[in-house]
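One structure is given here, and the rest of the page talks about it.
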């Protein structure tokens, strides 16, 4: 069996795992904020389910990250005892829910990316990564089916639903590019055969979302401008507020077991 | 009693299930719609006090468990609305009645969840009381309701165990955690006792409902059973039930206990609970904010039908 | 000079001081949430000013409470390191801002009460209390002038502004009664000549707000129902969320000086 | 140049103040409206990044200081809108131009405040740069603008000291606090240098504005002055200015330093800064949500006028 330590420095792997875990965690947290407030009961169920899947995935990635870091931190220490600048989620994940259309569009853009990423990770030379990718991949494929379907139905629904979906797309598009940006961490992971270079995922993603937008009668923005920083810890103002809530109990009662 | 009514009662007495297409008295239908509808509403509104702590769950595992629980509850709401729909009332009609204040949901959800221990107490006490009410309803005379109850009870008892597990951690944790656990018990004890409703002596509908097997046990029977089951659990947790009068009564083989303050119960029912307005406002806001989504989905479905028809 | 310790048990005085300090702190916090989002620039200024006054008052009350408690806790330990159940503010103070009308109505109902209370406290047998009351009283009298004036102008403005002010009044009225509730703490304070029994403030308050509502063409709700619990630590669900934000830095970086 | 224009320029050259009722060239009026309006908008939008930390200020004293500062800034906005109004444009017109994207505010406020140290850095660097710009403007030729600047500069220098005080605490605090302080300097250094605008060589309006004394120093002069003032302060704090090229130049008696990335400057100006959309959306939302308040106050004022007139 190949040890990941043979393939890559542990700090690079750790950093990369945080990007996976934090993105799942923060997006899952945002989705969970909907609890009890969805537009229709079926969506209450679906949103709870997606949040549950995502936080489940976060546990796998962060648990592994903690092992790789090897400083005795587990999923909970990583989730609840880091401040914003140590989080490595993409900015898109932390964007506020807005209306249901914005939440849905955020989910769709990320689902399509996660689906491509996890699909590639199934053949990672790192067994743990491949294992997690198989498990998470099944869930995310379902998420993508659902979000594609809803984007199409609401994009091509009433004038009002079309308007809201287009507004959501326009507002979130500048946050899509970060998902495909590559830095030294990504390049090292790719070189070691542990993960795809994110840039290689873009053409497939473009095709997936392009096809959905067409069916949804939505106009894909032309701008290439992309907000960046989340993957290296430079976040929007939103993340700090999210964390102050998420981390309250662990911060206020240090050392307690729950 | 008419011939039909007599035959209907005899079917019930024989333990047969009544199905939606069977003849049934108007009162039976109405009572069931009210009861199932209120139960469905309770599942939906019940998401809110628990949702209040999802974003602050103290560990990722607890967060996942709580999400799964809330998801189950929304699912229960769905089964129950479906069961009610078999009686000729739509989910949207029921929701509109709820929002107009013309239908109730369980008053327990008008109490706030103030600490993480409350999430434990809701599972342990509130779900515990709910199960006590619901287990007999698996044998209720109306088929769809009975079948929904079978599914629901299985999941609820799982939730109750999870709630008790939280209470164990909290009661046996740091002094602050123990204090939270005791505080949660103090606040949820009497409201949980109220969940069984006032003494049957006060209730005019009970006799009819019992003969229809829409109601199986009296409120007082169930309350006694709940107290008898819960007090030893509280002792096991090292928590004190907030009732000076609580005492084992060898003769009746059960506990003597204080009645809840029924004036509080009626105040909450009237709308004066700590969270009545917030809960209903939150649901109405969700419904109104979501109107464009429901309209959009409907419009798309219509377009698709037209497209399919044209293609044929 | 009479020592307050001659007049009353320190735990009762402490409890009473927390009620003053926490109410000012939590209301001030709520008002400060408006920063940069007021309907008109003059109100941005006024709201910042009111928040500033209230938090200033909280510092005086909590500072004194810390001295009375005598466990080495100062204003910051009390503000930032207590959880919700140890807060003693009235429930009205922690109610969410809602629209400007709701914020204004909350302010008016509390201003009218604070004004009466502080006015009575100027003659407290406890010098520190009397001193604080003199200083805070001046500020609160100005707050009351402003909020009365605005309630009248918006109540008797457009149909829409009238509707919103009436809705705010109807929503908040059930939280007014708590300000005049009296328990053993209040009775002990009153018996010692340190503070008025809150019940005695009601008639004057009724007159003040009644006159303003008349001029504002608003209908005063008839119900006597009053939510209670804040003064004894049983709060609404809102306070915990407020504190998770307010206390974040002190919780996340224990022991740091700022 | 017409006779009027010549006389106008001579008044300015003599150091006389131009007052609102005096004759002035259209270009002078327009440039001033743009400049004062943008300055006013900056004060208003500038509340938002600081407001982001008011609810999380780490001590009550810091919270009070920050509130007072933000209140001052709103006050500055008020003076400046008043100064602009003397030129024949209303506050509401200016605000509408802002909301329509037809007027700018200082790009620095399109950067987020991510830690408490950022509040220090905003005071130290952003207010520091603003003062550097504003002190000479106390001598600007337009009377109302000049007088507004006198009041504003006094308060701003107070704010800058408070910001520096926060930085001292942070830089000299725990390792995490020091890290926050360094991180804040890293993020705010170049955006602060950008506050002086691109090199004057690039700027077409500069020469005219300088002869009108609407602009007193060149952008490069002020930037150099800012760097020379700030670098020793950073050293005093034990922080590292994020510029490898930074070096004392004995010959020019000032620092050599790297230019900011002007492509970033123009991107932010175009709307692609980290917070452009959020800042403008927040202001538009405040304005729209507040419409009923402004309408209500107006309606009441009208009623009162009618009532007074009738009573006379």
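List of remarks:
In this document, chain identifiers A, B, C and D correspond to the written order of the chains, with residue numbering beginning at 1 in each.
Here, a contact is a pair of C-beta atoms (placed from the backbone, for glycine too) under 8 Å apart; a residue touches a chain by one contact, two chains touch by 3 or more.
Because the structure is predicted, anything quoted here is derived from the model rather than measured.
When the partners of chain B are compared with those of chain C, the chains appearing in both lists are A.
Any chain that touches chain A and also touches chain D is listed here: C.
Relative to chain C, the chain whose mean Cα position lies farthest away is A. Rounded to whole angstrom units, the spacing between the C-alpha centres of chain A and chain B is 35.
Note: centroid distance chain A to chain C, computed from Cα atoms, is 42 Å.
One inter-chain figure worth recording: chain B and chain D are separated by 57 Å, centre to centre, where each centre is the mean of the chain's CA atoms.
Residue positions of chain B touching 2 or more other chains, listed in rising order: 56, 176.
Across the assembly, chain C contributes residues 83, 240, 244-245, 248 that each touch 2 or more other chains. Chains touching one another form the pairs A-B, A-C, A-D, B-C, C-D. Residues 44-45, 47-48, 50-51, 54-64, 67-68, 70-71, 74-75, 77-78, 81, 91, 116, 166, 169-170, 173-174, 176-177, 282-283, 285-287, 289-301, 303 of chain B touch chain A in their complex. The residues of chain B lying in touch with chain C in their complex are 49, 52, 56, 112-115, 176, 183, 187, 267, 272, 274-275, 277-278.
Note for the complex: chain A touches chain C at residues 83, 240-241, 243-245, 247-248, 251-252, 254. Within the complex formed with chain B, the residues of chain A that make contact are 25, 29, 32-33, 35-45, 48-49, 51-52, 55-56, 58-59, 62, 75-76, 79-80, 99-101, 152-154, 156-158, 160-162, 164, 245-246, 248-250, 253, 255-258.
Contact residues of chain A toward chain D in the complex are 83-85, 171, 174, 225, 227, 229, 234-237, 240, 244.
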